[in-house]
Amino acid sequence: MKAETFRKAAAEALGTTLLLAIVVGSGIMGERLADGNEAIALLANTLATAAGLVALILVFGPVSGAHFNPAVTAVFLARREIALSLAVLYVAAQVVGGVLGVVLAHAMFDQDLLQTSLKARDSAGEAIGEAIATFGIVLTILGVVRTRPDAVAFAVGLFIAAGYWFTSLTSFANPAVTIARTLTDSFAGVRPADAPIFIAAEALGAALALGAASLLFRDAARD
Amino acid sequence: MKAETFRKAAAEALGTTLLLAIVVGSGIMGERLADGNEAIALLANTLATAAGLVALILVFGPVSGAHFNPAVTAVFLARREIALSLAVLYVAAQVVGGVLGVVLAHAMFDQDLLQTSLKARDSAGEAIGEAIATFGIVLTILGVVRTRPDAVAFAVGLFIAAGYWFTSLTSFANPAVTIARTLTDSFAGVRPADAPIFIAAEALGAALALGAASLLFRDAARD
Amino acid sequence: MKAETFRKAAAEALGTTLLLAIVVGSGIMGERLADGNEAIALLANTLATAAGLVALILVFGPVSGAHFNPAVTAVFLARREIALSLAVLYVAAQVVGGVLGVVLAHAMFDQDLLQTSLKARDSAGEAIGEAIATFGIVLTILGVVRTRPDAVAFAVGLFIAAGYWFTSLTSFANPAVTIARTLTDSFAGVRPADAPIFIAAEALGAALALGAASLLFRDAARD
Amino acid sequence: MKAETFRKAAAEALGTTLLLAIVVGSGIMGERLADGNEAIALLANTLATAAGLVALILVFGPVSGAHFNPAVTAVFLARREIALSLAVLYVAAQVVGGVLGVVLAHAMFDQDLLQTSLKARDSAGEAIGEAIATFGIVLTILGVVRTRPDAVAFAVGLFIAAGYWFTSLTSFANPAVTIARTLTDSFAGVRPADAPIFIAAEALGAALALGAASLLFRDAARD
């Protein structure tokens, strides 16, 4: 592996590790302190996730593009902006990193390192929500990266902050995050049995965003 | 219709769809989780709306200008910065998009897709609040777009965040949003009977902002 | 009065009007919705004030400098960056605008337009807090304006957000705001009898910041 | 001492003073108002700390680099980007400033100026959390400063906002902050007996970040 390739994969792995540590850790802390008020716990979870995600994209963006998300990597593959071999490596790094992040969060809060979520999330509305969330985040990336690359980190963090509240599953919007969340029996968890439908919804949302972007964001020159 | 015109109208429709999904969806989620504390629900609604609006303006601004608001389109028409035919198309796209967004929010939260709000909001103060909210948002756009176009998305999101709290109706500040909100019997709803006075107040606020901008922001060269 | 001068004074008046409508209005809304939890009310008040202030500085900064604050105007006068006659006009516009903003907030929330605050705030710690708050905000302006003028609006809003929580009086940090707050018997109010000591503390804080800035921010070239 | 050196040390001292006044003061205010809901108190503490830190870095960054943190100064020393004599001066200024900031916070809230924390924080998870927090903040600085120096202040503030929630000790991430926090028996305090292990964890996290940065952020040219 070339040094350049190693750095990119390591950035995806480390970035996704930190992202999941943030998602799961702040969920644990939020629930622990919120005295049973779930809205307050989710406000804390939202603040931490959005703020941390912006910081991580600023740090790792110049190295790997800061995908942290197989759906995003797949979209760039479909647009031929990343090679297949590198895309496979990215997805592997994201999944492994996500799992490590959950383990780290458990270690920080003195919990069992390996857990399985018992939290059922299985309504039709939540699958719709997940498709919309992924549609939105992919469209945000594709829309902003071409006109204001300096603002992508902020746009992504802000859209996820909104998504935590306006979509019914709180916007996992990311298959690596969905897999990792099955491994924690805490605020941010989701039952393994419920994960496949959400991953399918994420794939659908990403595909729709890819199409919408090609309609909406075509270069004026081509018309 | 030219491809360029289609893209602009589609951007207004899709952007307003997502905006209303955010406004209504985060209201439902906020109320569901907040254990009856309305301030916590409104904090969540504010965070989601402001964050999402900034992201949407960053995404769609380069395509259509990201009005998402008939009052804003009317102001640009009055300033002769948009053609009448395109302005009419924009307003239609915004109204249709807004309604679709409410339906999407209901679908995500497994509610009846079509509803009518029963939430009375009919004090004189709320109409004054709505005029001030629209005055403020239009003045913000006209003031910032000429000096710091890169900051418009942030300024608009921040002003709306403030408006959710300092104006008594929580700043609809947008006739398309007002119409759409009559179609949800949830946190963000408003009774159809109360909508016309607010739309009139929005028109007044926008007109006042147009006048204030022409006084305050005239080019130094012209004096 | 020249058109240029009129526009500057009008911008100071209108900006301070909106600032006080935000401070007082969001305080009323926060207290009304927060079910007696003062921290939640202050979170809402903080969010609205900081967000609104950033937007207002972006809007009015290019017109008048967006002082909205006699302490800031006095500091620029001491640095000979504003003429005395214009400074006097600015302060008058700020005080009048602040009072109007309070009246507007009352109108929006269907309250008596003219009120007198009964809220005692008279500890020594609060006066110290007010000196520190004004010191901080003036130092922030003087420090950031010379190196990153594009970031001043954000720095000021962020410092005020911090000040609402870390200083014991919640950072009025502004004599026009202090005077205006005596005229509302709501969350953001302060008893008229307590105002003079806070205004004196603000003057002290501003003077200290002026001195600190001249020590810390001298041009390297001069040494 | 040269004027340039004096200004740098004074900026570190004053910046760290204000930082600790913010951390401790907002903790006191948050706890005082939050009616026993610790999550609400920590939300306020997070908002104030992150917002204030961004403002302080914008103000003092151009003067001293705005380290405010012996771990950060040590990392720049290891990278030979600061002279040993200046680094020693920085650390002294940070420690003295931090203590002064705690005293100021106590003065503002009419508390005993000198206190000792009784708050036990001694789990293994908290030490792990502290290593991760410091790893993250140092990696954020090293990653962003080389590609987007204008965004460092925002990235650092955002990462700390996340760290307050996702790491189990709420991210002191700073030996000067850790020492200063032993001197307040309030929300932000930590028992003196618990401090050494956290400072060791911070040193470990900073060292790991230094190594990770040299792997991840090497110039492409060198490979």
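The chains carry the letters A, B, C and D, assigned in the order they are written, with residues numbered from 1 in each.
Going forward, a residue touches a chain if its C-beta (ideal position, glycine included) is under 8 Å from a C-beta of that chain, and two chains touch if they have at least 3 such contacts.
Quantities reported herein were computed from a predicted structural model and do not represent experimental measurements.
Any chain touching subunit A that also touches subunit D would appear here, but none does.
Chain centres computed from CA atoms place B at the largest separation from subunit D. Residues touching across the subunit C-subunit D interface largely differ between the two copies, under half of the numbers being common to both. Chain geometry summary: the mean Cα position of subunit B and that of subunit D are 39 Å apart. With each centre defined as the average position of its C-alpha atoms, the distance from subunit A to subunit B rounds to 28 Å. Residue positions of subunit A touching 2 or more other chains: 37, 40, 43. Judged by the touch criterion defined above, the protein chains form a single closed ring in which each chain touches exactly two others. Within the complex formed with subunit C, the subunit B residues making contact are 36-40, 42-43, 46, 50, 123-126, 128-129, 132, 136, 139-140, 143-144, 147-148, 151, 154-156, 158-159, 161-168, 212, 215-218, 220, 223.
Residues 2-4, 7, 10-11, 14, 18, 21-26, 29-30, 33-35, 37, 40-41, 43-45, 47-49, 51-52, 54-55, 58-63, 104-105, 107-110, 150, 157 of subunit B touch subunit A in their complex.
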